[in-house]
Structure formats: structure tokens, C-alpha cells
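We just call them A, B and C in the order they show up, numbering each chain from 1.
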């Protein structure tokens, strides 16, 4: 690999690592405000990563995607999330289903699992960004784990958004992004999905007086 | 021959600088908090005072109580001879690599905890159990964090790792490198008893870890233990600076290179000392049950560092 | 041109519903009539496919295309959609929804129908994905029409599990695209299904295996394959009955369509029967869970949901059993669409009459509502797989495929599980049909003219049970040819 490619590889892997770390921060912190902040920073680094890949990979569509990502996930969605958080009250993840220390170790193991699973992908790819592919898949797994192991509906929404970030990162690292029209459609879908979830969280708050999903246990067999 | 002389010189330099380092951190913290603070060379006066004082040993203490300070001091001095402080390929490298360093540090911690338990006081037992909780997660993390670098260098020999990083400076922004640095930094705070894990200047029951174990010591024993703690801090700082940013470390044993290396070392130590002082002023101490969470984060960072170095070879 | 006739009617219906505040029944009638236009378009696509083999594409980059598989599903979806619009609460009649709720209902159900039709008409797998995600969003908005604790809980689970599933399906799509791109470089039409299929033999097996796992888990969550089926009983139990009728029949068919499209690509790339094995395993698991959950069913809506999971298992098994199995699975899909939608319309009637979704609260259905009770019994017998209904024929074809493919033990287990389900169904049906009606329930039908379309549904089932019409057979054979290339 020439110097340009080596620098590209290092920068892309570095940004992928930082994105993953912000995802793991979701398992460490306890307050909903911290989750929103972590998601914001993660989306910011993700849009920088997209711009980087667009610059080094000579694909100018990625700049547009980076800007849309920035507007959507750094400003619009966190704004809605903070509004949601003030309306439903400052609840903290005091007793998640899996405690913090174990969650962190599980996150480490999930990343190692991602490395194992994506070996064929890294072997097949010839792009300089292939080093970050396991990190993106690891982020997907971490997002899934956040959804499973946390009790507050808002945390689950943030976990879902982190999952979507992981998939966007995977698309960027694997293939320098998918065609523009498709990407925009995906963003629209994510935004709408988020808005619907938001609506339902308000309804949860109104009917249950709390957003603890442990309370959603009436529908048994 | 010069190599061995250099080793001894390195150990003496470390012994000389260590109390000054602790004093500098304390002084800088005081300045940040708006106080005048004791001058940075106050710990030297403290050590001299302690060496002159009488030793009082509890009736319930055994031989271990008297033996432990020497072991702790000896192991920490041994570590200074294995860590690349000012020169990279050293003669003792053949005997001591990463694992030896970790084991020696752990040996010191082990004896310190035993010494805390030995007199049978409540504070000592409490401090020992807290210290073991922290050490249990921190020690493997040290090994993992440096192992991430070792994978890149192809050897756990610390000198070889430094040489490798000097050879390709572009590797500094490798994710493995940076993650390892972050992990080792957090572990350094834990192992040397700094905020937010432990307050080095407190004697309140709720908050002491290190201080609780050495509460019974006096006179020259206390002097040895305090010196060893300062040395440990210096060792960790130099590991952090020389493994991850090794510029300035002498690779040839000429006097010029050695002087440059010594100056570079002092500069890096000062930079890290300032960072730690600022952190200590800004952060509040974590509640004890939150410490494993912080150490869990550092463990995950170290794990990620190893996996990413391993797979990006 | 024909594509516009397929998709535009539902969009216009949605716009009308949005425009009229407060809601007027006229809008409902217009919507229902427009849906017949879409149904006509779908039938003519099917006619094209039967006659020529393929309908032309449409749109930039051949975005929409109607081959035999798409045409069959268009007919299923459009048919179920028409029924829903005629039998839904939008046409007045006895309903306890407010005008604003009705307006929301009409708006979103039309958008839901449009996105389902787009999903089956799309040539580009990414557009298909976008459309299926849109269906999740629109149906989730409708599940919360009434705000009770249980309905909120059900809709939260539905949207969360559904969105996660769809996200994973997208990850699978990205991996499939990655495989193609690594091989042939980026191309504008790389995500078009025919292009993927053409290049499939040279795609890397390992990568496609990983991609297919993600896709199966993702779209399988939408379809309700175990172990991702947990949202089904809750959502089917709480959402408005007409919506559930559409979800359980059409949406399920669309999800299985997505899985089948990707399975064809995966099979061509991975030369061994990896995808088949996965589908067989998951199908068996679904059957197992469904059969034993049916024994414990206390709520007849959830009972029908578990019946859905059972049929999902059967369709999965069919897809994993080679060409004969695919024939059986698609026939089963058509039959199931008719049967399940019928059942949920009836459930709506029953719930309005008895006021409770619990089986033990519903007694004497035969005396209270003879037509509804009769149709309900017929529908349930159909779902159990009894003749003279279509599901018997498709299940028989499934068994034939299984034995031809040398899976005797598998088929034996399936038969056993179907027997368990059968016994549970008969028990529940008896409890609901016979006996004396509880207090406060007045005898008399509450559907009015709506019984007629439902009888039409049943008639379709009977026709398909007695014979296999030639056009349908040709269509199915063409699909098998597409799938087994």
C-alpha cells in the first residue's frame, strides 16, 4: 500500500474506533442526558469519517451524505431526544438488566466476535478502509446489546440509533457508501422510524407514568 | 560494562527524581486551587525527616511487617531498571520484559496488602481489600495495554517496543496505540492511587485505599514505602511517555544522547504531571463501587487495542 | 402506465383522507373503489406474466418490474387490501372510533398498502427495503389508534423489534452490495435483482452466507419467523382488527417475498444448500413454538397470531425444500392470505359483539351470530388444513415435496406438530361455537352487507381447494422456474 492509502487506512480505522468507543460509552454511563451526548458525538465523528472517505476515496457523493448525517443525527434527532427527555422526566438507568461492569466486558467480547465473523469480509475486500469493518459490525452488536440489556425506553431508542450508525459506518467502510438515492431514502426512513418511536414513548409515559419497560409486562401468554 | 553502569545510573536518576515528581504534582495542584502550596522539593525534606525518626511497631505485627517495606522498595527499584527511562536497548532487557515488569509491580502490591493486614487493624484490612479489588482488574489491563504494542513490535521486550515505535513514527495514530495509551492512563490513575480512584492526601475512613494500608508505618519504613510509591508513579509516567511517544530516548550510549534523553524524560514527566494535577483538581473521587466500572472501561479499551493491533498487522 | 394504476390509487386515497377534516364516509367509499383499480392493475400484470412470461420494467434504472413472482404477490396484496378497505371501519357502520381516528386510519392504511405494493413491484432490492421499512412505520402508527396500556405495550414492542429487524436486513443488503462491488466495481444498477442474480455465481460464498444470515434474521423478524416472532401475538392481539387482517396476510407475504428474492441470489452464490438448511431449521422451530403455544391460548386473537407463526413455519419449510417445495410454499401463501384476512375480519365482528378477546368469554357463537359463526368455523377449519379448503392442497403439496426431497423424519415431525395444533384448534373452536351465550349479548349479525365480501373470500378458498386454476398453475410454474435457475 502506498503512503496515501496507509494514511487513509489509519485515519478511517481511527475514526471507526472512536465511533465504536462512543457506542460503548452507552454501556458505561447511566443518565439519559449522557446517552444523548454520546450519540451526538458519535454521529459527529461518523459524519467526519464519511467526509474523510469521500476525500480520500474521491467520491463526492459522500460529502452530501456527511452533511445530511450531520444535520439529521447531530442536530435534529438529538434535539427531539432532549425534548423527549425533559418531558418524560430525568430517569436514570439505575438497575439495568445487565450491570455496568459485565456490560463492558460483554461489549469487549462482542467486538472480538465481530472480528471473528468478519474475517471473510476483510479477506475479500481490497479497499484501504477494510480494517474498520469489524469495528462497524462490533458497533452493530453493541447497539443490539444496549437494546436488550437496558430498561428505559429512551435508552432503547438511543441503542437503535447507534445500531443504525453502525450500519451506516459499515456501508461507508465496505463500499464507500451505497448509491445516493438509496442513502437518502434510508435517512428518511430512520427519521420517520425515530419520530414514531418518539410518539410511542410519549404514550408510554402517559399511560404508565414511567418509561421503564419492565412495566410493559401485561401481555403474557 | 557501560550498559550495566547505565542501568544503575538510570535507577539512581529515578530514585532522585521520584519525590520531586510527587512534590511537583502536589505544588501544581495547590497553585490550581489558589493556594501557595509547599515547594516542589518538600518530599525530600519529608523523607529526610522520616529516616531520622523512631520506628514504632505494633505488638501484634509479625516479621512480615518489618520485611514488607524492603520488598516493596526493592521491587520498585528493580522495575526502574527494566523500564526504558532514558535508553532503549539495555542489558537487563534479556531478563526483564513486559511480563516481568507486571509481576514485579504486583509483587509489591501484594506485600503492601499483606502489610496492611498484618497488624490486625480495621483500617489496614479495609485498605487491603479495597486495594485488591482495584489491582485485580488493573493488573491484567496493564499487561493487555502494553501487549497491544508488543503485538505490533513482535516482542514483549520493552526496549524492542520502543525501538519499533521509533522506527515508524506514523504508527502513533494507530487506533491500537491510542487505545492502549488511554487504557494505560486510566490504569495508572488506579495503580498509583490518584484521583478519581483514590485521594492521595486523605485520611478519612470512607475514602482511603493506599493510605489505609500504610497507616501503621512510621520512621524509615514509612520513608521507604513513600519513596516506593513515588517511584511507582515515575515508572508509570515513563511507561506512558516512552512506550507511546518515545522521541528523545537514547538509542546510542553517547553522553550527548543520554543528556538529551534525560532532559526529554524530565519534560515528558512534567507534562504528564501537569495533566494529572489538572485532572485531580477537576474530577471528584468515584464511589468505591463505581471504580470497577471505570476499570472495566479501561479493560475494554485495552482489549480493543490488542484486537485492533493484532488484526491490522 | 400499469404501474401507475397499481400505485397511484392508494396514494390518491391517502391524500383524500388527509384532505377531508372531519372524516366523511364518502372518502371511505372512494378509497375502496380506487383499491379495485389497483387490484385490476395487479390482475393484468398477472395476465401479462401468464401470457408472455414477463412484464416490462418502468422508471429510472428499471426501478419497478413485474415478473411472475411480483405479479402473484401484487394480486395477493391488492386483493387483501381491497377487502380491508371494504370491510374496514372507514365505510361507516357500527364502530367505536372517533372521526379523527377514522381519518388517521384511512390515511395510514392507504400509505401502508402503497408501500406494500411498492415493495413487491420494486426491482431494486434497496427500494424494496425502503418500502418494507415504510410499512413498519405506517403500521406502527396505526397500532396505537386506541391508547390503552396493552395497546401501547404492543405497539412499542412492534416498532422496536420491527425496526431492529429491518435494520439488520439493511446490514444484510449492504453486505450483499459489498460482495457485488468487490467483484465488479460500483455500478448504478448494482442493486437491481436481475443484475445481482446474473452475477451471483461469482460472488464470494462466505460473504453471501453472512449476508443471508443478516437478511433472514432481519426480514424474518418482519415475517414472524421464530425466534423473532415475539411481537406477533402482542401486535395481533391489540391492533385494530382490519389492520391486523392486512398485516397478517399481506405484510407477511411481502416479508416472505423479500426472503425468497434474496434466497435465490444466495443459492446461486453459495453452491451448497446452506440457505435451505437455515430455512428448514427456522421453519421447524416456528412450527414447534406455535403448536405448543396454541395449546395454551386463552385469547382468540393471540391464537390466530400463533396460527400465523405456524403457517410461517410451513412456508419456510416449503422454501427450503427445493422447486416442489417453493411451488407448495407460494400456493400456501396465496391460500393463507385469503384465510387469515377472512379470520381477522370475523374477529372484528366477534369482538364488537362480545366485548372481549378472551376465548372463555365467547360462547354460543353459532346461535348469536349464525353467519359469522359459520364463516369463523369454516375459516378455522381451513387454517387447520382440512379439505375442501385450499390450505389442504398446499400442505399436501408441501408433504409431497418433503418426501420427494428425502426428508421423511422432518415431515413426520411436521405432521405431528400439525396434529397438536389441530387438536388445540378444535378444542378452542368448540368452546367458542357451542354453548349458551353469556349475559348481555344480543343475538344478531352486526356486519350487515359485509358478510358478502367475506363469503367471497371463503369461496376463493374453496375453489383453490377443489382445483388449481390453470392461470395460477402457470404463474406458479413460472415462479419456480425463476427461483430455481
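Everything below uses one rule, namely that a residue touches a chain if its C-beta (ideal position, glycine included) is under 8 Å from a C-beta of that chain, and two chains touch if they have at least 3 such contacts.
All values reported here derive from a predicted model rather than from experimental measurement.
Name the graph shape formed by the protein chains and their touching pairs; answer line, ring, star, complete or other.
line
So which chain ends up in the middle if you average the CA atoms?
A
Quick one: which chain's Cα centre is the longest way from subunit C's?
Looking at centroid distances, B is the chain farthest away.
Any chance you could check whether A-B or A-C wins on number of contacting C-beta pairs?
Of A-B and A-C, more C-beta pairs in contact link A-C.
Report, in whole Å, the distance between the mean C-alpha point of subunit B and the mean C-alpha point of subunit C.
So the centroids are 65 Å from each other.
With chain centres defined as C-alpha means, what is the inter-centre distance between subunit A and subunit B in Å?
36
Whole-Å distance, subunit A centre to subunit C centre, using C-alpha means?
One centre to the other, that is 31 Å.
Applying the document's contact rule, which stretches of subunit A touch subunit B when the two form their complex?
Interface residues on subunit A, with respect to subunit B: 6-7, 10-11, 13-14, 16-17, 20-21, 24, 28, 100-101, 104-105, 107-108, 111-112, 115, 122, 131, 134-135.
Going by the contact rule set out above, which residues of subunit C touch subunit A in the complex?
124, 126-127, 130, 133-134, 136-137, 140-141, 144, 147-150, 152-157, 159-160, 163-164, 167-168, 170-171, 174-175, 177-179, 181-182, 186, 188, 190-191, 204, 206-207, 210, 233-234, 237-238, 293, 296-298, 302
With touch defined as at the start, can you tell me which subunit B residues reach subunit A in the complex?
That would be residues 170, 173-175, 178-179, 292-293, 296-297, 299-301, 303-304, 307-308, 311-312 of subunit B.
Please give the residue numbers of subunit A that touch subunit C in the complex, ascending.
Contact set of subunit A toward subunit C: 117-118, 120-121, 124-126, 140, 144, 147, 153, 156, 160, 163-164, 167, 170-171, 174-176, 178-179, 182, 185-186, 188-189, 192-193, 196-197, 199-201, 203-204, 206-208, 213, 216-219, 221.
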